[in-house]
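What follows is a group of structures, each given as structure tokens.
First chain A sits with chain B, and in the next complex the same chain sits with chain C.
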Partner chain A sequence: MNQLIEKSFGYRTAAGWIAGLAAVGLLAAGPWMVDTYYLNLLFMIGIFVITCTGMNILIGYCGIVSIGHAGLMAVGAYMSSFLSTTYGLSFWTVALIGMLVSLIIGSLIAIPTIRAGGVYLSMITIAFGVVIHEVLIRWDGFSGGPLGISGIAKPQVAGYTFDLKSMYIFVLAIAVIALLIARNLRRSSWGRAMIATKENEIAAASLGIRKFTVQYAGFAISSVLAGLSGAIYAHTNSFISPDTYNFQTSVQLVLIVILGGSGRVLGPVIGAAIIVFLPEVLDMEKLRMALYGGIMFAVLFFLPKGIAGTVAGWVAPQLSRFAPKSQKASSSTASGEEIMFSAPAQAKDKELLVLEGINKYFGGLHALKDVSFSVAAGTIHSLVGPNGAGKTTLLNVISGLYSSEQGSFKLHGEKLVPRSLSAVAQLGIARTFQHSRLFKELSVLENIMTGMTKRERSGLGASLLRTPKQLRSERQMEARSHALLDLIGYEGDRHMPASQLPYGHQRMVEIARALATSPSLLLLDEPAAGMTATEIEQLENLLRKLVSHGVTVILIEHHMDFVQRVSDTVTVLDFGRVIGTGSPEQMLSDPRVIQAYLGGEEVAASAEH
Partner chain B sequence: MLSIKGLEVRYGAIQALKGVDVELGKGEIVAVIGSNGAGKTTMLQSVLGLVRPSAGVIELDGKSITHLSANKTSNLGVSLVPEGREVFGTLSVVENLRMGLKRKIGYYSKQQFEKELDLVFERFPRLHERRHQLAFTLSGGEQQMLVLSRAMISKPKLLLLDEPSLGLAPIIVNEIFATIGELAKDGTAILLVEQMAHKALSIAKRGYVVDNGSIALHGSSSALLNDDRMIKAYLGAH
Partner chain C sequence: MSLILQLVISGLSVGCLYALIALGYSLTFVVNGTLNMSQGQLVMLGGVLMFGFSELGHLPFLVSFALAALIVGLLNLGIERLAIRKFDKGANSIEWVLSTIAVGIIIQDVALYVNGPDEGVTPSPVGDEMLRIFGAGIYWKEFIFLPVVGVLLVLLILFYKKSHWGLWLRATADNRTAVEIMGVSSNKIVAVAYVLSGLLAGIGGALMSTNYAVSVDIGLPLGLKAISVAILAGVNNPKGIVAAGLILGISEAFIGQYISTAFREMFVYGLVILVLYWKPMGLFNARKTIVKV
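Let's turn to the complex of A and B:
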């Protein structure tokens, strides 16, 4: 039995496709197998799957919980119904217009509020849903007021009028497409960028990912799908009223996503099936909201990952036992080290980065005082100094995380104005963090691929459709990521979620992720912390290799023998001020440095070497 | 005081610890060395009760604590200083230290707490300077001092330290190690997980080397410092 599973593991993708096709085939046969009552329920599940797949992208990938998406469904439904009943336009035209208007209105809420973030955004979406509901009740001329719009025409194609059966098949097709889109998205740069931004905004920005762009994309996709499902519903049911799209509907949509398992492609299918069937089976129509409340409570309490998430949590480790053991890439040398570094060849010792008179205040604390020094291209420049001297603050200022009050930077001789983290990343400056900021939900490999987002990202359309070109670029990124992991000497599991990595490996993966952006300047904040002596030696070799490829490194580090061996130049900071810049031998034997930083014992120790 | 026998821990299909035996006496410092992913942190976490062992026994003073939850174990006087400085960011330094009292808060008078604070500040004057600052504004090294002080204030019988030297300036590392030594003299048993193998073995009497979930080597510090395999893998050629 075990052997059988092991063998079939190779055909996992094929098995998935066959199972999927079989399920869809069975569902497509539905109209001829069940009566109208059940067909209606199946149709409603389809409608919810379309909307909630969009919301799943928004909630599960982007981390934005919208509690107003019924409002966007309403926009699609009313827009198409109004145009169709008033001007007699065909369903296909008005559905398209409905999607478009839904996208526009969705954008109008998203654009000013994405910056507000998390909870505020949810509050705003609640308000939006309520406002739409109220407007629909009052605006008689457009919406027909509380009575709604009735007699909405059924879709037609070449003289054929759709009935419930054919509408169901149509919805099934759209739902399958929506699910495929969600799946493709999760396996693309865009999907990874969404999850990265959700998990750690700062780290994502340091890789050049703009939060607004990716979150807006998620909002846009969900708006379009909500508008579409609204239009389809209206034209199938022939009647809509404001109460079809009230606050409760919005809550129901969120519940479907969370119950099914947010971020899981099949989550909305499971969630919608339960939410639609359960009240019917239990014959609890009157207590529907109480039932939903109870389910929500139970899910948050017992199944925080939702049904799909929890099941996957059980099954995946069991299956992974049978996974083929050798998953390491064989490609490393074949792909060549050159492709990994696109740092322009620089004349060594030419100044890459010049800092002049940098000052930084935190309230009354003067954290950086007139910091000036320059970093030569193709060298390793170390920053040392006591804890609290301002080393990390300086790194944060250089990388654009903090802005400085005074002072100027020059990169490649050009003056830089204070800018954002993602803008600095675009200039070819990459960094790691003192506390590892990996994207925990993504695998090791995906973390590295996220680093390539700004260079390699295919268009959103190509990512949703998984075009051959996008697929090729994915394969290339994967190969390059394997090569980078080989380069840094990472020997752990590459498909493991980053949340399960031991500390030292997290650091290594973070360095590889920074390298994936092909930086010309790499800022490392205590990379050797938590590494064994052997790993530090590997790191040392890696740094030398990077420098030979023209990468410039600024290194904060406390392992003094390591600093001494690897640095070309050392700058010492104390109390936010530069004590001096010079060769490692010169700086580390400076009496001020010994007193403030190394301590007496260390001097004795280094004398032994 | 602490006795670990045949400890096994599984994460799903992965076996993180495969039968580990460790002994630790009162006032003793024992170093645990090993590469990343070897299972050192898992070992500390299972002693405290953050991770459920799948087999084996952990005894504290002869009583099994194998299946106790973390808060019960910590009430018995076990304190863990996790790696990566977990301070309460939006509380001040003093408030963070007060958290170290935990359930004992009833037994400490204000004066006693002040006395404890004085001891901490005497050891780490830096924390005194910053006593009213919120913890997240501290530098990495200061946060490490804070976490260690917080653990000290709880007066643990058994202190589990996970890489206390992480990210600290050499001069502070020396201070921290001196502090660890003093704590042991006062009778605290200390299990010290540390990548700076040289330093760890210089204050520990004995050491264990964990490799791939099992104890690969153990012995007195001086023996380990001169062991060829140790030098090759963990101590470096320098």
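Let's turn to the complex of A and C:
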């Protein structure tokens, strides 16, 4: 039995497709198997699946909760109904216009609120939903007021008028397409960038990923899908009124996503089926909203991953027992180094980065005082100094995370203005952080691939449709990521979630992720902290390899013997000031440096005043 | 001229209620970065309880007032325990947004079930007399909000500046870890912030019911308006919130008088969106260290 499963494991993609096709085929036979009443319910599930798949991208991938998507459905529904009843335009035209207007209005809300961040967005979207509802009630000329719009024509194509049965098939097809889009997105650079931004905005930015771009993309997709499902609903039901699109509906949409399992492609299907059938089973008039609230609360409390997520959590470990033991890609195709470094090594004495008179204040604290030094290309330049000396602050200033008050930078001889972390990352400066900032929801391999987002990103459309070109670029990224993992000597399972990695591996994978951006300058903030002696040795080898390929490294480190072994140059910082720059032997035996570290009488005395 | 003065005073008195409710968001947000999305429903509850105690239960005004405020304050303690503490997992967590929205829905629907859809006004102890200032006429029961809220704000400031709880609240807002190291349970302090926030909601609702008709469905729009105030000012800026609340109250009075009462809310939310385009962190917000991602 086990052997059988083990053998069939290789065919699990095919099995998934067959199961999916069978389910869709069964559902497509629905109109001839159930009566109109149940067909209507199935149709509603389809409508919710279309909207909620968009919201799943927003909530599950981007980590943004919108509680106003009923408003966007209303925009699609009313816009298309108004145009078709007033001007007699065909469904296909008005549905497109409905999607477009929904996208425009969604963008108007999303653009300022995404910049402002999480809770603001939830608040504004609630307000948006409420305002749309009010407008629909009051703007008689457009919306027909509280009575709504009736007599909306059914879609027609070549003389055939759609009825509920054919509309159901149509909705089923659109829902399947929406689900496939969500699935494709999750397996693309865009999807990874969304999850990366959700999990750790700063780490994502350090790879050149702009939060606004990816989150706006998520919002735009969800707006279009909401508008589309609104238009389809209106033209099937022939009648719409404001009460279909109130706050409660928006809450219901969110509930569908989190009940089904946010971030899971099939989540909205499960959630929608439950939420549509529940009132049928329970038959309760009063306290229905309280029940929804109760379910929402219970899901958050007991099933934080939703139904699909929880089930997958049980099934996945069972299945992985049968997975073939070695999943490592054959690294024989090309050595990691060959793939990674095409650029020739630069001359060592050229100055890569020059800092001149950098000053940084935190309120009254003068954290960096006239810091100036230059970093030669293709060398390892270490920053040392006691805790609080300003090393990490300096790294943050160079990488654009903090802005400096005074001073200038030169990169490759040209003036560098570190505008933001993501902007600096795109200039070829990568960094790691003092504390692990891996994307825990993504696998080890995906973490590395996220680092390549900026260099190889396919267009959003190509990612949603999974075009052959996008697939090729995905394969290339995968191969490069395997090569990088080979380079850092990572031997473990590459498809396991990064959250399960031991600490030392986390640090190494983070370095590999930073390298995936193909930087010319790599900033490492205490990479050896918490590593075992063997791991430090590995790190040392890696750094030497990098330098031999022309990568320049700025290293903050407290392991002095390690610093002494690997560094070409050492700069010592104390109280935000540069004490000196020179060779490791020279600097680490300098009396001022020893005093700064161990504290001399003079220092102790001056600290008391 | 007297009409303008009348509008200003009337706007100020409703604005100070907005400020009071919006401060409830700020109190908790500065402490641990969360807020109760069902604050509006708590205000509604305060109002409905006030009406119930004083009109249906025939309790004395002040007793009803204190009971309404206390019940809402304690309810928020429960909300913190159940809907916030487990779900507050750092800056990007969204679970607490969802859980407090769920709480709001439950409160509103249960209130509807128990209370019914009726609305009611609690008679104000200051009566129905008019106050005349330079020819402008305003009801005492409306004007009284200004001094009452003023006194409340002074008490709140004193609590913050003088009591050890206030000190801990300020310290936690500054650095939660440091407070933990000092051996003070930060959970306890968060709970205090939530009780305070709930008290403000309860008091706001009870005050409101003495001049406006309260029913179970005023919660959501009120909460949203208070949120608008918080966003306009920057949610971590209490002084700005008081200013923004008053400004919003006055602008509403003028929009209602000169443009349209029907679309008043739309103007407010439109304004909020515009401000967010211009200053994403609010008009009066000053962050200590700006991280540029």
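The rule we apply is simple: the second predicted complex is superposed on the first by the 584 of 609 C-alpha atoms of A that agree within 3 Å, B and C clash if a C-alpha of one lies under 4 Å from a C-alpha of the other, contacts with A are read in each partner's own complex, and residues count from 1 in each chain.
As a working rule, a residue touches a chain if its C-beta (ideal position, glycine included) is under 8 Å from a C-beta of that chain, and two chains touch if they have at least 3 such contacts.
The structure displayed is predicted, hence computed values, not measured ones.
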{"item": "Fit-or-clash call for chain B and chain C when the two complexes are aligned on chain A", "value": "clash"}
{"item": "Partner chain in contact with A:120 - chain B first, chain C second, else both or neither", "value": "second"}
{"item": "Touched partner set for A:385, first chain B, second chain C, both or neither", "value": "first"}
{"item": "Touching partner for A:502 - first (chain B), second (chain C), both, neither", "value": "first"}
{"item": "Contacts of A:278 with chain B and chain C, given as first, second, both or neither", "value": "neither"}
{"item": "Which superposed partner A:362 touches (first chain B, second chain C, both, neither)", "value": "both"}
{"item": "Contacts of A:597 with chain B and chain C, given as first, second, both or neither", "value": "first"}
{"item": "Touched partner set for A:286, first chain B, second chain C, both or neither", "value": "second"}
{"item": "Contacts of A:164 with chain B and chain C, given as first, second, both or neither", "value": "neither"}
{"item": "More chain A residues in contact - chain B or chain C", "value": "C"}
{"item": "Chain B and chain C contact sites that coincide on chain A, given as residue numbers", "value": "362"}
{"item": "List of chain C residues in touch with chain A within their complex", "value": "35, 37, 83, 86-87, 91-92, 94-95, 97-99, 101-106, 108-110, 113, 220-221, 224, 227-228, 231, 235, 262-263, 265-266, 269, 272-273, 276-277, 280-281, 288-293"}
{"item": "Chain A to chain B touching residues, read off their complex", "value": "316-318, 320-321, 362, 365, 384-389, 392, 434-436, 492, 500-505, 526, 529-537, 558, 560-561, 596-599, 601-602, 609"}
{"item": "Contact set on chain B toward chain A in their complex", "value": "11-14, 34-38, 41, 83-85, 126, 137-142, 144, 163, 166-174, 195, 197, 233-236, 238"}
{"item": "Chain C partner contacts - residues on chain A that touch it in the complex", "value": "59, 63-65, 67, 108-109, 111-113, 115-120, 122-124, 126-128, 130-131, 134-135, 138, 198-202, 204-205, 211, 247, 251, 254, 258, 286-290, 292-294, 296-297, 300-301, 304, 362-363, 400-403, 419-422"}
